[in-house]
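Multiple structures follow.
Same chain, two partners: subunit A is paired with subunit B first, then with subunit C.
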Partner chain A sequence: MATPTYTPLATTTLASSASSVTFSSIDQSYGDLVLVISGTTASATTPIMRFNSDSGSNYSWVRMDGDGSNDTSASGTYTGASFGRIGTAQSVIIAQIMDYSATDKHTTILSRGNLPNDRTRAMATRWANTSAITSAEVIADATTFDTGTTLSLYGIAK
Partner chain B sequence: MIRSATRSTLTNKVNYRSMLAGNDPFSLGDFDLLETTTLASSASSVTFSGLGSYTDYKHLQIRMIARTDRSTNGDAFDMRINNDSGSNYTYHFLQGDGTSVSSSGTGSQNRILLLRIASNGDVANSFGGGVIDILDTLDTSKNTTVRALAGSSASFQQLALNSGLYTSTNAVNEINFFPSSGNNFVTGSRFSLYGIRG
Partner chain C sequence: MELIETVELASSASSITFSSIPQTYTDLVLKLSLRGTDSGTGGGIVRFNTGGTYSTRRLLGSGSSAFSDTGADNFLVNSSGLTANTFANASVYIPNYRESSQKSFSSDSVQENNATSAFQMLAANLWSETSAITEISIEMFAGNFVQYSSASLYGITAGSDGTTTVS
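This part shows the complex of A and B:
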């Protein structure tokens, strides 16, 4: 029998600007997580996620952008899992956090970021750690999420 | 309409104010997990079959995370529908590899090429992920279209927006995945199939 899924786990709509939002004690009974951010930041940024409070340079990323004039691709490592793009115009990011509860593989994050007055972006990111993700701190990174920005976390059964 | 149950002649009866009669509420949902394959040993392919029985759903989604035993960095993977190996597919992709963005596509192919997952040439424990949508799977008036976002940020880094077309109006009864290199998906690779109501 089919198992209904795509279950909302937590949603935060900011009552005041914030530099980060933390999802803690994440339910381990799902296969994938989906993080949806709808809103704006004080300045354009590539937000990051830190899993289980890991602030080491353990996150690698590759991205491709189209800004209306140029298409570009870049890669690197960072102290958080870079994903999507958000800025001063209403933006939407959807990030797929694959097999977050597994302990036999690094975590892969696939994301799309749509910042309509700037660019559209796709990214693949890897957390080089086989631990199950129990917490995720979503950080605006050098800026703040604006009041009214919504961050929602969903669980998908596997 | 039941207006009253107070005149029941049943003994030891319990009168419920809800038609759930003490059972937990339930929901069929609009996005349902149908099947999952997690490889307990390496395999040259992964197949979902008997999909014609999922008549409650208009679209299918496959969420997968996989790695192959190819010895060089990274791998692509192929998708076939109904195990059809004829030249009945078209595919395109827009990819970024950390250096540049490029696009490619071709028709009359024997599979839909999807980019990109990790391989044994990559750092240990790294996998690639993908979210693949297969649209209008049981509609026999149109060819089947596929779209996907997939990628890997391992030693070999690449992600792609993929699209595919199966030039057949047959209902989708089976979906097959293969490593493009001809190698195997490794243990721990997972493919989960979901149904989306329409």
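This part shows the complex of A and C:
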């Protein structure tokens, strides 16, 4: 049997709609984290993650989108780490949080958002903080995750 | 992540199929290394079971320009006109493949070519059916996959490590 490289850390399937989900006491023994979201939201959104309860404007991002007819790119700063894209059609987001347990660098998040009736997206986000990530609050941002949406966190071995 | 099966073609073929996929994982991942016999732009489609419709939103870069469309291909294949012995590579993530909902899946792929032009593609894809995925077929739109093209299917299981909590 092959060695597992996606070690399951925690998962939830929402029994009712929710504006946020929090992963706490995150195991510090991995190199990277991967968050996979599969499901829908009440309206299309770019969700955010807040690490260690930091709600300051300490998160910068750059993204490129394709909506089926136009290609666009944008950048900005926000009060959470913007990542991916999700909406009313079945969607999938895959976000890799690099070197999350390091204490000598800012944290980078690389994400892919897939909302098939809206757009595909690639995004890079930076948390301007050198702390190890021990908690991540995943926020739908101005909408809610629908019932049945799953959020799973994995550890990638160093 | 566990390897379920790898297929490497011993001879040219129009498709690669994984049948009787175990219903024991949460998500599936495909890793593809593909070259085709056709001289066209080079693309193919991942199909599940039988029936249903597929829709995509794609973002492509050619080496000199970028564009977006809703083309049917959801991964790239190296066409016969690209540098000999090079293969396109693709990664496809299929979450919740056993659930009774429409299947959204993500695909990233890139061609290899020792020249200024080669495509990269990011695609958001949807299969309209709600049945569990028991079979995956990787198909060319034109021509065949050449010998040594390969596809690996992996399973990922979600769960708890007993330390990390979610609320």
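By our rule, the second predicted complex is superposed on the first by the 154 of 158 C-alpha atoms of A that agree within 3 Å, B and C clash if a C-alpha of one lies under 4 Å from a C-alpha of the other, contacts with A are read in each partner's own complex, and residues count from 1 in each chain.
By definition in this document, a contact is a pair of C-beta atoms (placed from the backbone, for glycine too) under 8 Å apart; a residue touches a chain by one contact, two chains touch by 3 or more.
Just so we're clear, the structure is a prediction, and the values are computed from it rather than from any experiment.
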item: Room on subunit A for both subunit B and subunit C (clash or fit); value: clash
item: Touched partner set for A:71, first subunit B, second subunit C, both or neither; value: both
item: Partner chain(s) touched by A:60 [first = subunit B, second = subunit C, both, neither]; value: first
item: Which of subunit B and subunit C A:132 touches, first, second, both or neither; value: neither
item: More subunit A residues in contact - subunit B or subunit C; value: C
item: A:112 touches, of subunit B and subunit C: first, second, both or neither?; value: both
item: Touched partner set for A:8, first subunit B, second subunit C, both or neither; value: second
item: Partner chain in contact with A:122 - subunit B first, subunit C second, else both or neither; value: both
item: Which of subunit B and subunit C A:99 touches, first, second, both or neither; value: first
item: Footprint overlap on subunit A, comparing subunit B with subunit C; value: 2, 4-6, 64-66, 71, 112, 122
item: Subunit C partner contacts - residues on subunit A that touch it in the complex; value: 1-2, 4-12, 21-27, 36, 38, 64-71, 89-92, 94, 112-122, 148, 150-155
item: Residue ranges of subunit B touching subunit A (in the complex, touch as defined); value: 27-34, 36, 38, 56, 63, 65, 67, 94-101, 116, 123, 125-131, 149-154, 157-159, 161, 188, 190, 192, 194-195
item: Contacting residues of subunit C [partner subunit A, same complex]; value: 1-3, 26-27, 55-60, 66-70, 93, 95-96, 101-106, 108, 122-126, 154, 156-161, 163-167
item: Residues of subunit A defined as touching subunit B within the complex; value: 2-6, 31-32, 60-66, 71-75, 96, 98-99, 102, 104-106, 108-110, 112, 122-126, 128, 130, 156-158
